[in-house]
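In what comes next, subunit A is part of two complexes: it sits with subunit B in the first one and with subunit C in the second one.
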Partner chain A sequence: MKSKHVQQFTSILLIGMVLFSCSSDKSDKSIKKMAVVISTMNNPWFVVLGETAKQRAEELGYQAVIFDSQNNPSKETEHFDNIIVSGFKAILFNPTDAKGSVANVRAAKQAGIPVFCMDREIDANDVAVSQILSDNYSGCVRLGQYFVTMLDGKGSYVELLGLVGDNNTWNRSQGFHSVVDNYPDLKMAAQQTGEFDRNKAMEVMESMLQAHPKIDAVFCGNDAMAMGAYQAVNAAGKADKIMIFGFDGAADVIDAIRDGKIKATGMQFPKTMAKTAAEFADRYVHGERNFEKKVPVAVELVTKENVSQYAAYGRAN
Partner chain B sequence: MKKQKIDISNLQPLIALILMAVAMTMMSDHFATKDNLFNVARQISVNICISVGMTMVILTGGIDLSVGSILAFTGAVAAGLFKNGLEIEGMNLFVGTTLFGAICIALVVGVFLGWFNGLMITKFKVPPFVATLAMLTIARGLTMLYTKGFPITQLGGQFNYIGTGWFLGMPMPVWISIVVISVSVFFMNKTRTGRYIYAIGGNERAAILSGIKVNKVKLFVYMIAGALAGIGGLLVTARLDSAQPNAGMGYELDSIAAVVIGGTSLSGGKGSIIGTVIGAGIIGVLNNGLVLLNVSPFWQQVIKGLVILLAVIIDKIQKEK
Partner chain C sequence: MNKIIKISIISLVVAFALYNSFTFEKLDVKRERASVKDFNPRQKAEYLWDNKLDEILETAVDLKSFDTQLADAPDALIQQNGKVIGITSMVSFLVKGAAMQAAPGADEIAVEIADGHAAYTLQIKYIVGNAARDALGYFKIDEFKNTMDFNAMSTEINQLIKHREIVKLDSIKPGETIQFIGALEINSESMPSQIAIVPLKIEAGN
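For the complex of A and B:
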């Protein structure tokens, strides 16, 4: 009796789901489709990247679909498998992993579907048509230089790293240290991870403030962590003593720089990268084959002096 | 109802917590300060809220994997309603909410999602692991839909007071967790439903035969777990001044760890709220202490895992004696 209920319930549910998904998948040969594969839609930065790519592709006359890899390379492989069999013209691609994603791009290339990488790099030169990349390392070199100027070359600071298994975490950290480590009077009191997460960063910062109450600055590997660090510093009543530096160009950090709560961030341009990728893909579909293998998109330093020129994730209009 | 005898084995987690605190005090000058201890208490308050609910669920022999996602959704609902109100397009209706209203609606949402879990488990006989695993994705998806993937920030001082304010010399989150602990300890030990929860986990068939309305009790327990996840969501949101769409990811694991370290048996029937609170304390002291000592992030994860194993092994040995 009971198990019959369950069976009925599940079968109705499954049929419903199948019908629901069918109605949204009318394949019409005359419509050109473009796939947007994004590493994770759980982070606003990547949402902006994905949505902008989709929007630009639609403006260019394509039907665009976003695939969320959920930071999982095997999920990404499934998406590529599906895309390859469903007649997409091109893939605008934000990889989950520099090495793990290469095979996916190669499979697409063999199936004759061009791939354009956005923001994150893959470790192979011959498979993607073009890679439009954010220059994390140089961006953090610039941030490091500003950091040294603001601290006058002396003092102690802590660093909040992103996810320790992520390429960009180390690109950013190394860019920063390539400058800052040349100043012997600048001492790093502690280096911990905030996992690119606002809450985690706040909690770690609270603890670090206990161990190192006299620090002068904190360098954060992204803006979510910078906001978390600010919450901790502010709650400890040290907002005017500790300088905070972030990276990304998120909306609330732009506001915080304007208000003097955060000193600086490295502005990345997800919208620029996404639009460029969509336009490249469109030109490829129309027959062009000459593309730069790598197009670096510079990261710009945003400080209180120039913050008026910027808005969230890009320049102010 | 007879008072429970104090058993040495129940004190095991407490001894571990004291030993760890002593070790941290010796290794770092910054651990045993008033500021830092409040820090730890504030940091574990969210885990305590969730874990109290988790303890009840596990005592009935179930599990709730959805708490982290429910936390994110309730936090987002509270923040969204408070900041933007509720706009119903088509009907041209706009409802603004006060802080109190937003909090109440968010908690109702938490209770409702918990009720849904309970319904699937009791009515449709879906195993708790599967039912709440499904809710883990459903509630996360609802959060993404509601926030469109962006954090809801700048909620203002009134809202943030719940997370960052002080009251009579103690941080607000600590007060809230004390209230949650007191009420639930009373509930578990002094009310009939509380004792039923132990009975169901100990032997479900015997409980049914002795006339306990098992399904009703279970449904209620999952609703409490949902409500407590909701309180956790309010705390996280208020502390960050922001409802993050990916808040609470992996919290179910921290919470299960707290319950297990606290000596509650995963097969149900045995354990206590106080044990879980101590378990959450051990995890909190560990998180805080490893950062104070500037232990490498790589090692921190290894150490945390080992501590969980150690706590459970000691507990097992103690109970077998």
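For the complex of A and C:
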């Protein structure tokens, strides 16, 4: 009799456990996940991009996870391999390399996971659902026009390029040169990569100052390099002689423009790009399929004259 | 023995010839190479200029009308005639008008309109940026493999403007009237007081 009760109790317990496990499986599956893959979280600009994408995805009801590729394409591939087998609904992606990252996006597409690129472009039009990118070229045309005005169309300058595998590097450089190269009295003394890195840019700038002590200006492909260049120029006692121009709209450069240390920057809008990517991904998950392949986001010129209208990574509220 | 050596040599020659006759390449790589090889921005820009430009320029708004609408009903003007690419407050337009040829060596020509709300200049020395490409609206960003290629179209269009249109000014005397159709960009968030026009077509006469 007693053993019958034990049997009944055990059966009820087992059924209960099975039902509980079924219901918890169901609740796990109902959690929608979105991956945010960022080229590097070692740069405040990309931290803003990644954190904003994550936050917007969470607001839209997803569990969002940030993956840091540490500027390493192999690391990025590892992340994609993991994401593909982990039930993510979409990937908000900031690539490490325009060409190298194409295979990762293609693999995700083949696995049925839509990819939305943010800020950095991949060299393929048929794998990412949409690419939301700064209009770097137009931004640097405006920066180039201001550069020419500040130098009165003459003088000697150096250029610090970003990562050579990133299309943003070349769009910025080409936009700038499309203006500046029209002025024959403006001479580029040297052009070298600072890899979008502050310390690297400082080292490069120190060498450039040795080789070209009489330069009048430095055009930098991002704000981290502009701050590195400023450090080198300041250490050489030439901060009041050499004009520095950046690109991004980072907090320290906005302050430096206000203080007259940096002449100008191109304000990008990482929060706009990240939010748009997350919203596109959500719409895709809900069945929409009609997206523009490329969505350029305007870049605005920030100078001492209008810096009061701007804050770090966007406009002042 | 000799036969074996002969067969071996012939086999080696055939294998060598076959090896050098074929190359294996992933289809994706081949397509990508083909698209890079095929992309010729100058040719594309020249095709536009020679075959499509006149038709597109027929949609240009009279500058006086543009100026009045910009002051009185900017939203309607932007909606009806403006072109916007992506997330931006910059809007581009095609406009047409007349101006007086400037003195030799000028960077720009002032475009006078009666009771104008903004001051307009026709750019005749430095042609830069995307105003011409975007106002024409012929090239679509999604048709290009990357934004560098799309921006290369601006470079080529700007070159055509210099070499096919602005050169026409050389034969026009200062003070003579010119007719133009051009492209301009405005920031819809802060209505401008000075607006630069990039010429797309220039003709002498009233």
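Keep this in mind: the second predicted complex is superposed on the first by the 287 of 317 C-alpha atoms of A that agree within 3 Å, B and C clash if a C-alpha of one lies under 4 Å from a C-alpha of the other, contacts with A are read in each partner's own complex, and residues count from 1 in each chain.
Here, contacts are C-beta pairs under 8 Å (C-beta built on N, C-alpha and C of every residue); 3 or more make two chains touch, one makes a residue touch a chain.
Keep in mind it's a predicted model, so treat the numbers as computed, not measured.
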Subunit B versus subunit C as contact partner of A:179, first or second or both or neither: second
Partner chain in contact with A:66 - subunit B first, subunit C second, else both or neither: neither
Partner chain(s) touched by A:292 [first = subunit B, second = subunit C, both, neither]: second
Touching residues (chain side subunit A, partner subunit B) in the complex: 2-3, 5-6, 9, 41-44, 47, 161, 164, 190-193, 197-199, 202-204, 206-208, 210-211, 224, 227-228, 231, 235, 251-252, 255
Subunit A to subunit C touching residues, read off their complex: 98, 106, 121, 123-125, 132-133, 135-138, 141, 144-145, 167, 170-171, 174-175, 178-179, 182, 269, 272, 276, 292-298
Residues on subunit B engaged by subunit A in the complex (per definition of touch): 28, 30-31, 33, 35-36, 39, 42-43, 123-126, 144, 148-151, 153-154, 164, 236, 239-242, 244-247, 249, 287-288, 291-294, 297-298
List of subunit C residues in touch with subunit A within their complex: 28, 32, 85-90, 126, 128-130, 141-142, 144-148, 150-151, 154-155, 158
